[in-house]
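In the two complexes below, chain A is the common chain; its partner is chain B in one and chain C in the other.
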Partner chain A sequence: MSYRKFIKRKKPKEQSEDLEKVEPKSIGTSIKENLNIIKQKTGNSPDIIIRMLTFSHDPRVSTAIVHVDGLVDNPTINEFLVQSMEDSVQEKLEEKDIFKVFSEKVIAVSSLETRKDWDSLFQALLSGDTIILADGKKEALIASTRGGERRLVEQSDSEITLRGSKEGFTESINTNTALVRRIIKNPNLWVETMNLGKQTNTDLSIMYINGIVDTDIVKEVRQRLGRVDLDAILDSGYIEQVIEDESSGLFPTVTHTERPDAVAGNLLEGRVAIFVSGTPHVLIVPAVMIQFFQTPEDYYVRFPISTLIRMLRVFMFLISLIGPAFYVAATTFHQEMIPTDLLVIIASQTESVPFPAIVEALIMEVTFEILREAGLRMPNKISATISIVGALVIGQGVIQAGIVSPAMVIVVATTAIASLATPNYDIAISARLLRFAFMLSAAIAGFYGIILGLIMLIVHLVSLRSFGVPYMSPFAPLVPKGLKDTIMRGPIWSFNERPKSLHPQNPVRQGKHQKPLPPLKRRMVRTNTKEGDKNES
Partner chain B sequence: MNRKWIIPFFMAIYLPLLSGCWSSIELRDLAIVSAYALDKNEDGTYVGTFQLINPMNVPGALQGGQSGQKPSIATYTATGGNPLEVADRASTKVSRDLYFAHTSLLVISEELAKEEGLSSILDAMERGLEFRTTTNIVISRDMKAGDFVQVLTAIDQVPAEKAIKSLEFTEKLYGENIATNLQKFIKAAVSTGKEPLVSGFTVEGDIKKAKTMEQLQSSEGEATIEVNGIGVFKEGKLMNWIEGDRSEGTLWVLDQIQQAPVNIDWKDKKEAISYKVVRQKTNVEAQTKDGKPVISVHIRAEGDLRAIDVPVNVTDPHVLFRIEKALQQKIKDEAEAAIHEAQKTKTDIFGFGEKLHQSDPHSWKKLEPAWQDVYFPALDVDVTVEAFIRRTGMRNNPYLFDLNKKSD
Partner chain C sequence: MEQAKISTSQLFILMILFQLSNSLLIPLAMKAGRDSWLAILIAAAVSIFLFFIYRALYLYYPTLLLTDYTEKLIGKFLGRILAFLYILFFLYSAARVLREFGVMLLSFAFPETPLFVACAMMMLVVIYTVFKGIEVVARTGELLFVIMVMLAFFLFLLIAISGLIDISNLKPAFEDSPKILDTVFTETLYVPFGEIIVFTMIFPYLNQSKKLGKTGIAAISITGASLAFTTILNISVLGVPLIERSLFPLLTTIQSIQVGGFLQRLDVIFILALVIGGFFKVTVYTYCAVIGTASLFDIKEPSKLAYPMGMTVLFLSLIIASNYSEHIEEGLKIFPLYAQLPFQIILPVFLLIIAFLKNRKKG
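This part shows the complex of A and B:
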């Protein structure tokens, strides 16, 4: 208790009052004073560019253009602001309200507004807008000139598909929302923006399709975001960690993507997307477990193939979860389950190994984790060296030295590949951590331990929720109709309803009878089409 | 976390650790027993010989690379009052834990099987935790079981595997043997209407040399393990041996033939036509007529002609029909001979009693006490055979037939 008192007492109250005195809340009349305030607040930073414009025939009227170098679109400022102001001011200066002249006749930028308070002026300035000040005016003009150097729309590195759109999100939030708008051309695609982060003032947008999304989910998102009072938001990961349901669990309850088509697909199912400025990773809520095994490409290829691939992914996840544990359990507890010939081979390999199977497994797993981490953080040129050292020195070396058995290396390598092949990194990393827990439980109690671990895991998963939606739906609670888009991927023509667990306002996704049929007669054109029908050829 | 929960939390965490790694054992602490041989000493104790796999010397193992130079098995011998005590005593000689879950062969010496029977041995085996009931039982004829498991084999590095494979393949391809595992044996032994059959093995050649690497250094080998005859058990004890044609007849009645050659005589020429069965089905029906049991055995065989030593025109359906007739007679003779033999020794190895039990439980109750000694030997068995030639092989008429035609 004394500790808390100690902290409370130390809180400086007077200092903040001092600051408020110095800073006036709204703009003053004197242009010099105003410019001084700007300079003072930005600490005379040289990238805040102030351009004074005085007019030769009337020196009384002086104006200033303020913008931040690099954040603005330079051609816009040069052509549509400075140039046109200089050109035209001389003629129309008879009129008194200079801003009215500017906004109506002179300045040719898309958006122009007047503001008085410093807060919004600075917000606009630092977002890349240009402020126009005039002597004698108690307000300022904000011209939208946002621009500057940005990464172009490129293919996403982390989510690669063979088929489908190659576009990936960028760091610019406007570009990102536009990329989704290009896919869903519908006025019901609603965007709400907000500004979070006390120091960073990061722009945030939430996007959903009105009429599909459950309004309770949107409310919940708004409420959770409204609660956020962070110092800085450097990535959507910050937001994810403060709005997720289970922050200490191993499983992600918020998913993210770099692909506009993935966002569009999720919005159409009734989910909400959260765009954060400065990151290409867009958050999608609510998330269910099975989503982490799906990729946008699943819907683009024909359904039997993607069903098979999805099954493979779940199988890979299981391997990456219990692969080494299974090997440890089988070789130390349940030798009778291994076929005799295989057992003899494994036994001959472990004959010279000095460690118990669990230690052997831990050595190899930890080595692999080290290699993986080293390869991830290193520049490309060095990572080639790492793979050679990893493969030759460690892989070959430990076997020849007889420290680890070849069978164990095979098991660990298979597990590693299975783990890397899991499409979503977040879920792969959960399996990576849990793998060690499973290895220990297998070393303590064999298959019994693995089964116990799996039961505990399933209990945990079933108890999770993401924005009110059960994490394991549609398995638990069971929604039979929802099962066709889980481990299997039913044909597109059978997806007549949106996922029930998301409680969409409009549950009907598409018309019935979407299954293509062969022509009724031998002639290719179906005879029952009439003039004006959509499928008239 | 509240302090109140911290202590229970750590207690819960230590709980699984306190149990230790119960029943966990590393592979290199295991001695994998591939075969277990039991003999009887003069003083009445059991002598057990364990054939252990030495994994380092089994080919396919990367490390060591000793394969082909050292034997892939090691054998240890121990004595004891019962089969399990033998295993326990052996631990004084073996540095590892004897592991019986992969034991595929149980070898009993003929002497032990005849004098003592298998009942007490099998009880110990089945009761033991590790021993599998799918382990095959064989009998070593005219030799010690211990010697049998010490003989090295060339192609299959583990001799037990070799014994089982030759058992399985002769059963499948030649039809003169039968693979019996613990479970099958016990099932047949406890049933009054059926008696178990166990295959016998012999070793031909110099057994002493066959135990050394000399055995593997010549293409011929010093000695070979051979499947030889089927042992008939009665009341758990070995009664007699069935050999040659009679064992084939036995398997015909038992519905155990998968592929088997049948040779018939043709116009005074012995074994002139060879026929290979590819599909076979035997139905045994048991009934009681006027209180007397009547058994009818119906054998249906389908197969191909394999070798023809006489000039016959096999393109002629009438000739084929006559061959089929001869085949039927031959199979029928074999089967009947086997049945008569079994009736002579008063052992119902075919399970006729069991069939009768199923079809007529009421009269079986009356017949059961005296089945083996009174009813079975006096049984009237009606054997009918159907044999079909499905193909004549890749040729139509034999060369001999074509040659004769030419000379005509």
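This part shows the complex of A and C:
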């Protein structure tokens, strides 16, 4: 006890002493002192590399190049900084201001800044920039040399499409914003950056199209991000959880994507994208429910096909939500609904099963969830074993042992596939959890329980908002024109207006009369054809 | 009042869902026999006049609830008492609807479940909805309305293709005109059409007050037409004698559907449609009682009242009658004459006359 007390008392004292020692806010004139401060603040870490250069004509004036190993682009530093500076120190300098010489004649990197305060110097140093110090100077140069090992732009694993761009975001925030800029070549594509996370100093960018986006939404995003005071931001998930409208609900009110074309499409509808450094997942706000059933590919294929596919997805979502509940309700409470022949089959199967339908369903659903979670985190080689265990041992064995009826296995398997067919993992997982609630309510009160559950779900969904936009729009509140791009996907030539629920500044999306038409003479109109006209008939 | 706005289309849907709900369930205007559909149409036409009385009151006080402007019209003391009586009227009506749905569920699908459990489950959802406020009620209506329309269409298709309709059950029409009018003014005008008095508590939330007239007329006409249509279906499928003995004629009609040997006993599916309707009526009544109480007793957060008032409705629904036939008897003989007639017609007319006199003086 006393030992603990001792430690507790001691620790804060040490820290405060440290803080008192090293707190000159801005840089001093002596290069040695400055370098000492850097060494001391970084705890003499070996990956902080300091290179001293001394001028031949005046040995008293020395300069230093400081950078962090691995964060910088080595060719840039070697060729454009170190090499050229070494060349220059051999020459005699006419100009007195050494930084002016450096920035105008010697250093050939894209951006150079002078700074005085330690905070921004360290920020730059740790982001991969190089600091140049000089003796007798009360400021330092920051040369942009960011680089280092990065994952290349690859296809995203989680959002695979057959058609459309194969590019996916990487962990580098600059690459990511550039990928979007490459799609929308428009000066109105505005980016705002900020730096969040007290310990991690993570870079963040907000991107939107000025002139389309509702300024209130941008203000709201800025205000919510301005409120964030977290220690660390390791992924955009951290940001998502502190800016969303309802953090305790099951449904996501912020969507994220790994695809630049999805971000571009959303920006053009009047949404705001939030890029977080260190993650390929870009947040998009505001989100509405129906977005989670849409993929970028829907817009690339012809509209009747993507309409059918979207309908299928919503249907799959409903099955994954109430599939087992429906079976439990029908076999427990409403046998009269099932055609007699089928009922006889089900009854003969369940005769030997010792449990009521709800227990069977719970056993199978929980087993499936365990299998899925196990398969998700395992290396590929082991997951093959898991699937064999799942299919043979559990699927086959459980029926032969007479613990679960075959009909129930079919229902659970269908539900499982349906839940995997929902394109967005976030919404699929909420259906996965709610499925258990629906199963229980079906076991208590049959279809009545299910329909009450559905009403409650609808009430909850319509009460949600995402950055001021109703979550169920354009269904409720109804925006008839917005229905074109929901469960249906209207033809591209009919998307003349941007979604109204986002209040875009410029609601007109494209010119009218975009519908392709056959040439006039091929249409069924009465024309006076003369002899000799080129007419097939 | 809460800070919320609803659109005319939302009000339109709310009015239709509200009026249809339990009137689809119970035998409507059966006193008029096979001409009951005519009685329904006449009642709908007459109720448009009633609607204009309510609308006129709203136009005098476009930002106030019914329970607020009674105070302005007939003085603080009497006005508050009247407002309080209206709240009781709403609560009692909610309890009646809840009871009807509870009994319907038990007799058709869950014979062994206690009435309390069936009602309590419904009330749980109602309380949650009322807690969320009028905007959520209206938006929920928009989504559920689509389901209702699809089910209604599906139902009609099934009845039509299963060849149950026998038009001769409807003949001869217009047999006994005085009886039809008698039915209109003793029963059908009050349930469901007169019940739109409750919307005087919702009109102030409307964002476009100019369109109220058109919206109301459209909603009432569509309700009247669809109820008359349902009654025609019931009579042509079942015939008058069977309907008179049936507690829930529409469900009896649905039970007789048989298509292709596998679409049978569909009443369970349609009970669900009726649950949606019933949920709406109870929600709207409870909401209006809650919002009225909040403004009457000056309570800052009306949503806090959802739970206690919801519980009140639940217990009221269990104790208002000792059995269902007593409940029906009260609904047909006592309630219309002593509660619905004064609250739906006499008092609003009286209030309108006072409002007219008061405002004429000012002008």
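A few comments on the model shown:
What we mean here is this: the second predicted complex is superposed on the first by the 497 of 537 C-alpha atoms of A that agree within 3 Å, B and C clash if a C-alpha of one lies under 4 Å from a C-alpha of the other, contacts with A are read in each partner's own complex, and residues count from 1 in each chain.
Keep this in mind: a residue touches a chain if its C-beta (ideal position, glycine included) is under 8 Å from a C-beta of that chain, and two chains touch if they have at least 3 such contacts.
This is a predicted model, so every value here is computed, not measured.
With both structures placed on the common chain, the touch criterion links A:P406 to chain B but leaves chain C unconnected.
In the superposition on chain A, A:L376 makes contact with neither chain B nor chain C. Once the two complexes are overlaid on the shared chain, A:E351 sits against chain B while remaining clear of chain C. Looking at the shared chain after the overlay, A:L343 reaches chain B, while chain C stays out of its contact range. Looking at the shared chain after the overlay, A:F333 reaches both chain B and chain C. After overlaying the two complexes on the shared chain, residue contacts for A:P477 are found with chain C alone; chain B is out of touch.
Of the two partner chains, chain C is the only one that A:V459 touches; chain B does not reach it. When the two complexes are overlaid on their common chain A, residue A:L517 makes contact with neither chain B nor chain C. In the superposed model, A:A445 lies in contact with both chain B and chain C.
Residues 333, 336, 445-446, 449 of chain A touch chain B in one complex and chain C in the other. Across the complex, chain B is touched by residues 331-333, 335-336, 340, 343-353, 356-357, 399, 402, 406, 441, 443-446, 449 of chain A.
In the complex of the two chains, the chain A residues touching chain C come out as 333-334, 336-337, 339, 445-449, 451-452, 455-456, 458-459, 462-463, 470, 472, 475-478. Contact residues on chain C toward chain A in their complex (touch as defined above): 7, 9-10, 105, 109-110, 113, 117-118, 121-122, 124-125, 128-129, 132, 136, 138-140, 142-144, 261-262, 264-266, 268-269, 271-272, 275-276, 279. By the touch criterion stated above, chain B contacts chain A in their complex at residues 16-17, 19-28, 30, 32, 34, 53, 55-56, 58, 60-64, 99, 101-102, 104, 130, 132, 158, 161.
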